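Below are two complexes that have chain A in common, paired first with chain B and then with chain C.
Now for the complex of A and B:
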């Protein structure tokens, strides 16, 4: 980040198709060298946002600035951005070399310079030796890399990537995520990536923008979005959550005492609540602690360390093996289903819980997120 | 056993389709003038063929009409296909539907309707009327072939070109034209064969000043089958086969 003016600035951007709002009042600033991911479900307007920046479609209202310049009415060929399309959109009748050289030729560069820069770009994406191939002679991953090379060879101010990895299989996708991230660090070009995959968004980007139904729900570093979701939508979208409903009983600064069913629970929140407010308590599966009632009864030390504010009781429904971890599905006695993630013990690599086990569920104070009740 | 049955089945299908042609080609080398009896191998009929000036004249007419009408049809058809693919305008869907109607219409209907039109316009029947008729016949085939090719494109390819700095003109030159070219050429060969084959439309739309080969053959056959005709048809099969194979090859290259 330069700390100075943003490279891309969207102000009150709206896009309407007929009477349908695709994007509503989007305000977003993206700085030089940032890797920003726009995350959202399909149909949330994330691709539209990219197309507006690239210039394929005009905005209905609002302004887009690129490098301090308003780009309204500027066609795509005159914007210093390049796009990597979801379908790659390689030119099928051209060789890899000609595909990558296309942008430079259109801008009238010298032959020698074109050759040198195309080679550089192909080297960056490890496609040296494939210059003479046609796109249909390449694998999906190779085609994807040609698409990236074809865009970065022009040294754009911003590289727009529209779900570039969605057509690749899992392993290749993981590999390409890292490759793209390293490429971005190396080139220092600003990347704006669009995806519906939260894992992809978190592992690659400096900043995540969560989009829903044409509006920005939250923007911030991945850890902030994950740990302090601004609302239920964001919390649900960026990972599995467990939800408990309660009512504020007492407020002492940051500390809040909640009444959840028959239990008083102490939690922390930097939001302002007053007595009587209805709230959601959000808990990630990995933040929950589960012990069997039998173990707690037999082991007072465990019981003391488990939870001083009391705990919920429930019955194990099933366990789901995940490889390094396993999930325990519990139905609490108040009827609410809960998922908790457990690690295997070092000495015991078997699933500890059995369906039907009576268990206690608690969490470490301060790991929860408190949100005002929605709907 | 199964394999044997399959083979027999395929052989029967091919025999059904091609036996008449094979018989004709074989008899074009038969040394007998009148009987269907085999009297030995000869190239005499081919020799007679190339020395028959009026037949050669008709053949040249046919090839000229086929080449010119294919070229004109390709031009109009390609522009039509590009227009209905690229832009949304009033009547776009209607044009698309009409192309299919034209393709399906019986030749005799096209032939008679054109004849009526030419008479109404009091155009003398000959080269120009036949050319117009064959362009009408071939244009829908070109338009549909090229349009099909365009539909198969990734729509983002044009956007990608724009994104990389190509203006509207450069998009046409470097992207649209080269990508449609195989379909245009395939359309050309298809038109060429269509025009070369046509008897019915030509029967109505050309005049005595411009005789084409199929009509000439037709009038020759009315006086009885002559071995020259076998030879002539064998030669036409060869030309048609070359055109069809080229078309297939071009369409396959479209990957």
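Now for the complex of A and C:
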């Protein structure tokens, strides 16, 4: 798949509104059959990116290629892409059938073929029997499915989805995420989805593109973006993160010895650092280990298994119950707040830590991410 | 609290009384009169007969009705064709310019429309602006006789009524969600087909109310045909006025008036139906 030419190629794409940069130097290649999610906060330019690909707005600079063809100046009706709009934009004066048939009619297909393809599309989104309804007679989830059917019925090269699930409630959203993902696998159509919800991005896509202030911060598979964030922005945007600041003391190949406060900590990094560099150590809450000092004192085996480079000490501030897990909020003795996620043990289904507990905090070597200090 | 409730009641009562006295009452009188007979002494001799309505169907009067409807229809169509693009441009224009354009639409209202109709004479008559311009450009050798024709009446009515078409169209087009337009284009519709299949149906309430606001006055504005059309060609508005003021046949004039109201009512019903059908779209 990666050997072939990209289906969508953006080269140095810029978009300016007045003197406001909406997108700056976007380079992105999307391959046939991929499910790519563009993830970013509101106002980061992610919807603008979709609108440029769909042809609703011209690029200020750069090129967009669809299937090897430069689409500059091509109006939306001549691009083989279809959009599922955030608000669905179903035509209120048409029935479900007419909405779905609209694209086929515009392209002059035969009546019988239209009927057959509309039926197929409605079948895919499980809306058989709703043909005669008007959009206002449907629930939000049903409207969403009509919008998807209206787009896929045209068999586009690329389906663009602009926050298609944001108007739905949590459970329906979860359901639709899976439905959309399965639909994409089944049809093999390339999906480009825009969302601000990292969970949605991770659970649905093959590749996530993190966009911030009009620039791509990182693009890669969800696990890579989560586990190997390229900078603090990405790390913070795709989940909870704990930060420790340190200085490089020694470098031996991939192994780096850091000095964090009074502690020497051994970490791994495939980035190049030299002695004296200031760095951030990034730790996900679920990667942290927390034990009470009391348990460590009473149990030498536990203490031995715990961080040979030493550990940080701190005081538990509070615990936050999350259902399957709970978060422990700790303030380290150096004043830094830390959040650690703990699982309930099989034998102990209660929250183990109490506010005021003195605790040791460490992590398993190699689970941390090292970034150069930013500012 | 009590005071405000009292005040509200007072206002509502006052408005209702006003409507009863000056709108509902007179209309009821006209309706009653239309079933009566003309009388030399009391204007109307009460009674119940459809005589006046049947008379309206006589060829002479039927022709007045038809030519009035024809003219009003023409005025409406011209206003629609001219008003729609203007309203569309208006709805797309950005804030400061939009207000300036809107002002251009509204400014004529600041002058009495009778005065504006007389001003049309200065434009259209043999020595008027249009003729002088055409003569100066060498396009014609002798002044065109534009005054006192149905063309002049048409022009006068279009001029007077165009704002009534533009404003509701503007309201409808401004409210039209651009995403429907984008969705249509996205699905392969050319701009022309997007207009026909999406924009026109979705702005239908504006189209209907604009047409009504033009069509109905075009039937009844008697002074425009009077001033610009001269003695030629009687229209419904003039006819009704003449029945009341010249022929002194109040029942017949009333019947014509009621017939016109019925036409209006029918159109209102049409408008209401189209409105009900489309008003539910806020839901989406």
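Following the convention adopted for this analysis, the second predicted complex is superposed on the first by the 374 of 375 C-alpha atoms of A that agree within 3 Å, B and C clash if a C-alpha of one lies under 4 Å from a C-alpha of the other, contacts with A are read in each partner's own complex, and residues count from 1 in each chain.
Definition applied: a residue touches a chain if its C-beta (ideal position, glycine included) is under 8 Å from a C-beta of that chain, and two chains touch if they have at least 3 such contacts.
None of the values given here were measured: they were computed from a predicted structure.
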item	value
Clash or fit, chain B versus chain C on superposed chain A	clash
Touching partner for A:54 - first (chain B), second (chain C), both, neither	both
Contacts of A:272 with chain B and chain C, given as first, second, both or neither	neither
First, second, both or neither for A:143, with chain B first and chain C second	second
First, second, both or neither for A:102, with chain B first and chain C second	both
Which superposed partner A:77 touches (first chain B, second chain C, both, neither)	both
First (chain B), second (chain C), both or neither touched by A:186	neither
Chain B versus chain C as contact partner of A:87, first or second or both or neither	both
Which of chain B and chain C A:171 touches, first, second, both or neither	neither
Overlap of the chain B and chain C footprints on chain A, listed as residue numbers	54, 56, 75-77, 81-83, 85, 87-93, 102-103, 106-107, 136, 150-151, 154
Of chain C, residues touching chain A in the complex	177, 179-180, 182-190, 193, 197-198, 201-202, 277-278, 280-281, 283-284
Contact footprint of chain B on chain A as seen in their complex	54, 56, 75-77, 81-83, 85-93, 102-103, 106-107, 136, 150-151, 154
Chain A partner contacts - residues on chain B that touch it in the complex	154, 156-157, 159-167, 170, 174-175, 178-179, 255
Complex interface listing, chain A residues touching chain C	54-56, 75-77, 81-83, 85, 87-93, 102-103, 106-107, 134-136, 143, 150-151, 154
